[in-house]
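Before I ask anything, here is the structure I am working with.
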Amino acid sequence: MSNLRALFRATVETTETKSGRAFDTVIQSLIILSLTSYALETLPNLNNDQIFTLKIIELTCIAIFTVEYVLRIWVAEKPTKYIFSFYGLIDLAAIAPFYISTGLDLRSLRAVRLLRILRVLKLVRFNEAIRRIDVAFDLAKAELALFVAASMVVIYLAGVGIYHFENEAQPDLFSSIPDSLWWAIVTLTTVGYGDMYPITAGGRFFTTIILFVGLGLVAVPAGIVSSALSEARKINAEQKNQN
Amino acid sequence: MSNLRALFRATVETTETKSGRAFDTVIQSLIILSLTSYALETLPNLNNDQIFTLKIIELTCIAIFTVEYVLRIWVAEKPTKYIFSFYGLIDLAAIAPFYISTGLDLRSLRAVRLLRILRVLKLVRFNEAIRRIDVAFDLAKAELALFVAASMVVIYLAGVGIYHFENEAQPDLFSSIPDSLWWAIVTLTTVGYGDMYPITAGGRFFTTIILFVGLGLVAVPAGIVSSALSEARKINAEQKNQN
Amino acid sequence: MSNLRALFRATVETTETKSGRAFDTVIQSLIILSLTSYALETLPNLNNDQIFTLKIIELTCIAIFTVEYVLRIWVAEKPTKYIFSFYGLIDLAAIAPFYISTGLDLRSLRAVRLLRILRVLKLVRFNEAIRRIDVAFDLAKAELALFVAASMVVIYLAGVGIYHFENEAQPDLFSSIPDSLWWAIVTLTTVGYGDMYPITAGGRFFTTIILFVGLGLVAVPAGIVSSALSEARKINAEQKNQN
Amino acid sequence: MSNLRALFRATVETTETKSGRAFDTVIQSLIILSLTSYALETLPNLNNDQIFTLKIIELTCIAIFTVEYVLRIWVAEKPTKYIFSFYGLIDLAAIAPFYISTGLDLRSLRAVRLLRILRVLKLVRFNEAIRRIDVAFDLAKAELALFVAASMVVIYLAGVGIYHFENEAQPDLFSSIPDSLWWAIVTLTTVGYGDMYPITAGGRFFTTIILFVGLGLVAVPAGIVSSALSEARKINAEQKNQN
């Protein structure tokens, strides 16, 4: 292994060295910059200067991400392993649409661009705390699965029920069970847009019961995750004490 | 006990055998399929082909669920015990409406169909994690009951209070205490549709106080359930360690 | 102490005897009945029969609550202590408006009736689990106070901030800081009626930041209460083990 | 050190003495009074008397806060250290705008006044429970950071996704990704104003998935904070037991 390659590896692959942390900070900032510029590009009424600036940012990001991708392949112990790893594919997906779309009709660009949102997933790489979260999810797996399943059952029953109560009074809004399921989801997550709500006495009474039962199911998973996380923290601390 | 019956029992009643798991997966998928097709049937503007497909799915599900029901009776050690058990009755309720409604006037079908939503409850059968949740509910029973009761008292007081504050300013919306109770439920569960909201200074001040007091009551039950679940997990783990 | 008085005391004051539990169940049912009838009385378009039925229910409840109140005074070891105790005053407040209002102009009845909602507070008496909740509140007192205070500060800052961002664009809705505070309360409790919401880019950006900071404050108290309750449960269990 | 200065220090700087607690209560009440009067000043249609009263309150508060500021400098062991401390600067910022703005054009007053909201931050000073909260945040730092980051990623993806689903059907509401991000924030915090909501089948299905995944991320931080607080309480109690 050449010295230069070892040097680059210390920068690109690890976060323990000073240069590695600097590299990560730059890449993360560029990811956020490119996400922001992607969002701004969709604004109507942009003038030519603004469009030009966003294009420049986009091209710069693509260029740097390409260099980064090539570097990662070069420094990897087993390049093919990296290329076909989860993060390798995401790194590629973040830059490939640019190169592929240039050869194609420009109008199809817009659809292909949708893939660019995958670039966000790169943010995930930079975090080690995920391991502890894995332990927590493992601890609470069964309860989580059950509560999510029970929530779905309650949402289904809520949708079917409200359809029978409100369909006659509001045939345009509660026109079918799929539409009523949308109401059930918006209500039981307590989002409550106000686009659909019961107006009959029966429908309101039914909603009250569904809310009392349903919130005790739908709101629990978040609580399970957070208390499992505090357990995972303790297990972690105990393991450290034993060593 | 015949060998064939023993073989079927291993498939139908248990989830430890490979065939048992396959059987369960098929039945669960069919339940979800039949629920989906039931929801889609209510869509307006379906063409004849779509209606026909949904009918076929419905008939297939009914056929398989009937075979399943007969099998369960046949393999049960005490058939009568199964038939009159909770799940036995639900299994029957999931298929009976089809057979009963065919002999009746077709227009009454729609009302009888409402019973079909009971089919959902079958999903509950397939889960063992319920036992741990039972322990958790047992642990937190008293607090849960008290907080649910206190929530109801706060909702009642909120409804009566807002009626006196808003009835004069918005006589159409806050026309009576039952209508105002609907507002109280929608507000204190934080759903907030926006169909009713206070506009007077007094009503808004009252709502602020009710929200500060009320959310400290209404939001607690979900938290109690999730922390009781993490205790139940520990109790479970300790019991396993002792064995 | 006469035997009869001892007998009635066993029924009225305790919940350990069979007759005591029956008495409590009857009184609780009557409280709920009278609350329901009070709510229904406010419905517009009631016919004479319905009004008559509600009147009868009301009079019956008043009669029984009066008998109960007299009984409680009679069986109490120190009648004056009961009369001026918290629950004694609530018991009186639940029936007094009826007797006082009959001597007055009937039109004033409506305002005096507002006091009748105090009858709800009687429901509180029947629960012993309150003691454990007291321990929990004592455990988490300081954090609760701080988070509630911090929530109020954030709500105030949110209201002032959004006023400066939105006042110009929506002078009718965000017309003053008190109005903007109403928005802040509705938003940070996640009720979100939709009567007021930011439309300027600055106001929306400000709301985003306020929500990220604010929900981490406003949503915490409910979590604190529920985890303190699970600690109170453990402390309770340990104390029982030691005895 | 003069006796008088020592006496004032005992009042101004500590909360252990009786006079110190009285001083703090007065200052805190005045802060709340001045915040309330600042909010009321923005009400339209105030008459001259009301404006005059609010002006008097404002001037009184400014006077007392100025005396307090001077006192704090006088009694401080190292005056310069106090002046440039965080609270020293906030204390100054709470009164300075009044003195600075008088010499300037009165119309600019309104903008400068925005700084007056900093006065709120003074409320923070008076609380010691913050230390325990510091421990809790330290315990849960990593998980909190990760969940907040993951929430942001989900919000970004939700905004981009809904833009592609709804832009064609509702070009006025979902006109760009920044507008769609506003929808994502309002939805995933469950505020749900109802100013923007999906109407296409695809957009609703996407929202359902985003809500199921997203609420499991966005709602967790509040739960993490509250369970970390209960751990911090235990650590605190153990440390007290050891001493």
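We just call them A, B, C and D in the order they show up, numbering each chain from 1.
The definition used in the following text is that contacts are C-beta pairs under 8 Å (C-beta built on N, C-alpha and C of every residue); 3 or more make two chains touch, one makes a residue touch a chain.
Predicted, not measured: the structure shown is a model, and the values here were computed from it.
Comparing each option in B-D, B-C or A-C with A-B by residue number, the pair that reproduces over half of the contacts is B-C. The chain pair with the larger count of C-beta pairs in contact, out of A-D and A-C, is A-D.
Annotation: the subunit C:subunit D pair of sequence copies touches via predominantly different residues, less than half of the used numbers being shared. Chain centres here are Cα averages; for subunit A and subunit D they lie 29 Å apart.
Mean C-alpha positions place subunit A and subunit C at a centre distance of 41 Å. The multi-chain contact residues of subunit A, meaning those touching 2 or more other chains, are 178, 190-194, 219, 222-223, 226-227.
Of all residues in subunit D, those touching subunit A in their complex are 139-140, 142-143, 145-146, 149-150, 153, 156-157, 159-161, 163-164, 175-178, 181, 187, 190-194, 197, 201, 204, 207-208, 211-212, 215-216, 219-220, 222-224, 226-228, 231. Listing the residues of subunit A that touch subunit D in their complex gives 35, 38-44, 114, 117, 120-121, 123-124, 127, 129-130, 132-133, 148, 178, 182, 185-186, 189-195, 219, 221-223, 225-227, 229-230, 233.
For subunit B in complex with subunit D, the touching residues are 190, 192-194, 223, 226-227.
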